[in-house]
Amino acid sequence: MEALNAIKEVSYALDTFYFLVSGALVMWMAAGFAMLESGMVRSKNTVEILTKNVSLFAVASVMYMVVGYNIMYPADTINSVIPGVSFFLGADNAVADVVSGAEGAPYYSGMSDFFFQLVFAGAAMSIVSGAVAERMKLSSFLIFAIFMTSIIYPVQGFWKWGGGWLDAAGFLDFAGSGVVHMTGAVAALAGVILLGPRKGKYGPNGEIHAIPGANLPIATLGTFILWMGWFGFNGGSELMISNVGEANAVSLVFVNTNMAAAGGVIAALITAKLLFGKYDLTMALNGALAGLVAITAEPLTPTPGLATIIGAIGGVLVVFSITTLDKLKIDDPVGAISVHGVVGIWGILAVLLSNGDATFGAQILGIVAIFVWVFVASFIVWFIIKAIMGLRVGAEEEYEGMDLVDCGMEAYPEFTQNK
Amino acid sequence: MEALNAIKEVSYALDTFYFLVSGALVMWMAAGFAMLESGMVRSKNTVEILTKNVSLFAVASVMYMVVGYNIMYPADTINSVIPGVSFFLGADNAVADVVSGAEGAPYYSGMSDFFFQLVFAGAAMSIVSGAVAERMKLSSFLIFAIFMTSIIYPVQGFWKWGGGWLDAAGFLDFAGSGVVHMTGAVAALAGVILLGPRKGKYGPNGEIHAIPGANLPIATLGTFILWMGWFGFNGGSELMISNVGEANAVSLVFVNTNMAAAGGVIAALITAKLLFGKYDLTMALNGALAGLVAITAEPLTPTPGLATIIGAIGGVLVVFSITTLDKLKIDDPVGAISVHGVVGIWGILAVLLSNGDATFGAQILGIVAIFVWVFVASFIVWFIIKAIMGLRVGAEEEYEGMDLVDCGMEAYPEFTQNK
Amino acid sequence: MEALNAIKEVSYALDTFYFLVSGALVMWMAAGFAMLESGMVRSKNTVEILTKNVSLFAVASVMYMVVGYNIMYPADTINSVIPGVSFFLGADNAVADVVSGAEGAPYYSGMSDFFFQLVFAGAAMSIVSGAVAERMKLSSFLIFAIFMTSIIYPVQGFWKWGGGWLDAAGFLDFAGSGVVHMTGAVAALAGVILLGPRKGKYGPNGEIHAIPGANLPIATLGTFILWMGWFGFNGGSELMISNVGEANAVSLVFVNTNMAAAGGVIAALITAKLLFGKYDLTMALNGALAGLVAITAEPLTPTPGLATIIGAIGGVLVVFSITTLDKLKIDDPVGAISVHGVVGIWGILAVLLSNGDATFGAQILGIVAIFVWVFVASFIVWFIIKAIMGLRVGAEEEYEGMDLVDCGMEAYPEFTQNK
């Protein structure tokens, strides 16, 4: 008995440590988004996007702690659609509860779970950031971040992961192709529609002008950071590692996550080569991310071979989606809506390929429910912000760049000073 | 009995692994300092600061192994002020000792503890690097690094963490707001005073000229690296994770570390906006680091809400400190003295807000003791180096940049060649 | 009995988690190589090398899964020289097998081992990338990557780590100074010989022209990433952590890995200062990597002091090797052949300094066997690719840079546009 209790304590510690390491890797994705986005924009808007990425993660941390987590995982719920709010981070588990032998006894620190959930909220918000780059006011963005991480993201998170109605309906989304990635992308889409494209992106006769990013090594670094962080994102979402079955499961999730990214790179590279005749680095990077998003809804049941294919389809999709959005004049400087939204939907549907518990109806229901909630709620919030303070910087500010006007400094003062 | 011994072995392995992962994260902070500092200086001094950061970590590793660790954690002590030196890394623990059941039986690998302590010494030395940037001779700096990591840092480390008199006096410093951060900053302050400001930083009529950093994305990356590494820095300093209570404690430390950083970002951003009218990226980054430094002396007893506030106060302080030091003509290109020194003191005092065992007297005693020892010892070492070989590069070398003269290469030869 | 079985499950989970964390750190080395190489080349070839690094890791992942792993660790072997192929990733271990008490019962997830092995194959391929930079066709490189990660690397990996004849002959190579690093370097050497030097590197009268890298902060970052990732590379290669002896061993491996890198930095910095009169950053970075390569064949049996010396000798060697290869007109833009090849050989021989089981004959046999196999096989593959599609871009393309021609974009369009 003494030994069995001691084993429960060690298991608890191991599962907690696994959560914390996974959470630290997901926090690290904030750096990945910051580098990816700052490499993909022009130098004159780089300081602004860096400031935005650091600030949004801070805002997400505070708002998710005070409001969001309590909405997403409420101690009491009103019903399965509208969660209660406790505004409270409870005390952590006592030893007696852990070793009680009771059904549902806690097996890892609740505070480590909070940390893991918090960094997911940060990731969802980071997705929005890139799509509205180079023209949205920083203050307007940060106000949106408050609502996004307090309410919009947590409510649909409650529906699925908090045990709400979508979960009851059989919607499956292991690590958040829908709950995190599509949610971020749909919030971004609502913002982009109200915001409009960057000046000069689309010509009067339908021409699409490429606006190259200023620093592609840093964008590549961002992609590698995200790839690495995704091992925590998907790997941690198994929520347990401390026995043989769970350890095997987490291992398979790691492998499938890597294979999907690899498949996405290769497919996007080939697709872009066939379409454009070039080895397109930014498409390869988006292919990696697309593969990762695609496998996120179900990284456990596919074989590694199938995971590669799921990622590869994501990689093909992202190339076509990016070119299609440009034709629709939806200006997304980093491709976030395509990577996280279009491929997020693919990821949700791809669950059907390997998980026998998934149903087409439930997956579609999840897509529609999340889309409608996030789009409508985001649109209203963006709309109110626009009405009160505006979303967009002035035309001259956009031309000169947001860095000097908003932030008072340049990202690369010595490299661009003569330009 | 067999089972209990086996559990002790697994616990030992888990605690050791937790130490090693934490240590690897702290080693990674060396990259964070290197990126932060190289982004904050001008391109003409970038190779030098990169060389310095790589080299100082190497010097710290060797000197701390040969001398420093043995001073800080001596097998024999002369008394609680002056430690003995063994010049020896002992053999690691035997199984029999681990499972002996004896009071104080080793519960993790001593070699993993050495690794964890070594990377802390590297971090302390990295702090010095930024403050003396753009004008100190590389050779002089590296000679100081030898003394700092062999003697200056370890002696006060022994006083607190090695079980010396400051520990006995009740001084509390969980992960080193004082022992590491203030120590690094005070050593830097002594050097800066003897070194003087960069040419052109302060005008003859008291003007302060901003000298913008050359590469802010890389400085932002450095900050994110430090944020991530701090989970190892503070999280590992709990020193155990293998039971329910310890796992809960480490989890709370992770959360509080993150919340303090978030509070620091938001507070510094708002403070700078109110003072300067701009969203100041470098202040936001320093705010993140200030929040992290502020929570380092006590990341375990505050609630996450209080941790946010402690970090936020750090974020406000750092903005005022940086502007004040400039008025005093103490030229610190990256704000290291403010971030690690001024906010380090705040962190030591903030222990009083949540830890009932802390006393005002003991915390003040710790601040004064560390300050006096580190300042006096560092001043003497810097002074001797200055007398023998000089601290400062020549005026022409400073004007032309240290990179071509000292290092024979440019950091960005194609971006700056016409300037 | 119940308790002992439960302990086996927790141990299994801990060893698996240790493998996964180690593997994620090694995957992260792909980012390190990408940053190191992209910082060391000229801006006009930067997009190409980034595309190459992302793509090669994807190709390595897929090919190693489908073919390579099955060759390196075959379920059935024809003999100890020629492995069988199963084209199959087996199911993971069942609980009953883990707790069976049988000799050789599985103690960690096979899928986590596959992940760990896969990222090693990626690392071996990444080494090749830098040496052929700035002039090799991307398509030719990626075709070579297919053969390298399917066959060339796995066959010699089978000889040693898969239990083949080199292992039986007593050749010792803990984490792959030979199996990974020398292998990558020898494959690169064969390619470089067939490819020839970059235009302008060597003058008609034997002059050697330095071709400076475009972005040294990013190259330094790459080195720090590799340093960090090496804790997973060497630390994970102990293959177990879950008891006192293994936890102590992994800890010593971490310490020795760090000390060798530190020794390499200091030795290379001093050597270069004595030879060239400058503090040479790129030599310091190569010194760090040389130290790491040198300790990789045996990071467990040396004391930390000896590890420092082994790394330092690597740091001296790499400086002389780089200058010697230039005299031989073997053009290796990032020094990969010296760092991984020449120092890899030193690492294999350095096993003799501390491991009583090593014999001079077996270590030499390993060097020769790996060299001959990898060189001949690589030379044939490169030769066939050259005959069919060519290895080298056209002269004009090389002059203009590969980025615009092959990839259709520039890495830094705003920093270099007037040049």
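A, B and C label the chains in the order they appear, each numbered from 1.
Criterion: a contact is a pair of C-beta atoms (placed from the backbone, for glycine too) under 8 Å apart; a residue touches a chain by one contact, two chains touch by 3 or more.
On a predicted model such as this, the values are computed, not experimentally measured, just so you know.
Interface note: chain A and chain B, two copies of one sequence, contact each other through mostly non-matching residue numbers (shared numbers fall below half of all numbers used). A rotation of 120° superposes the C-alpha trace of chain B on that of chain C, rounded to the nearest 5. Put simply, the C-alpha centre of chain A and that of chain B have 32 angstrom between them. Touching of two or more other chains is recorded for residues 3, 7, 10, 14, 17, 21, 215, 218, 221, 412, 415, 418 of chain C. Taken in their complex, chain B has these residues touching chain A: 3-4, 7, 10-11, 14, 17-18, 21, 25, 42-43, 212-218, 220-221, 223-225, 227-228, 231, 235, 241-248, 250-252, 254-255, 258-259, 261-266, 269, 276-282, 284-285, 288, 303-305, 308, 412, 415-416, 418-419. Within the complex, the chain B residues that touch chain C are 2-3, 6-7, 9-10, 12-14, 16-17, 19-21, 23-24, 27-28, 30-31, 34-35, 38-39, 46-48, 50-51, 53-55, 57-59, 61-62, 65-66, 89, 92-95, 98-99, 108-112, 114-115, 118, 138, 215, 218, 221, 406-415, 417-418.
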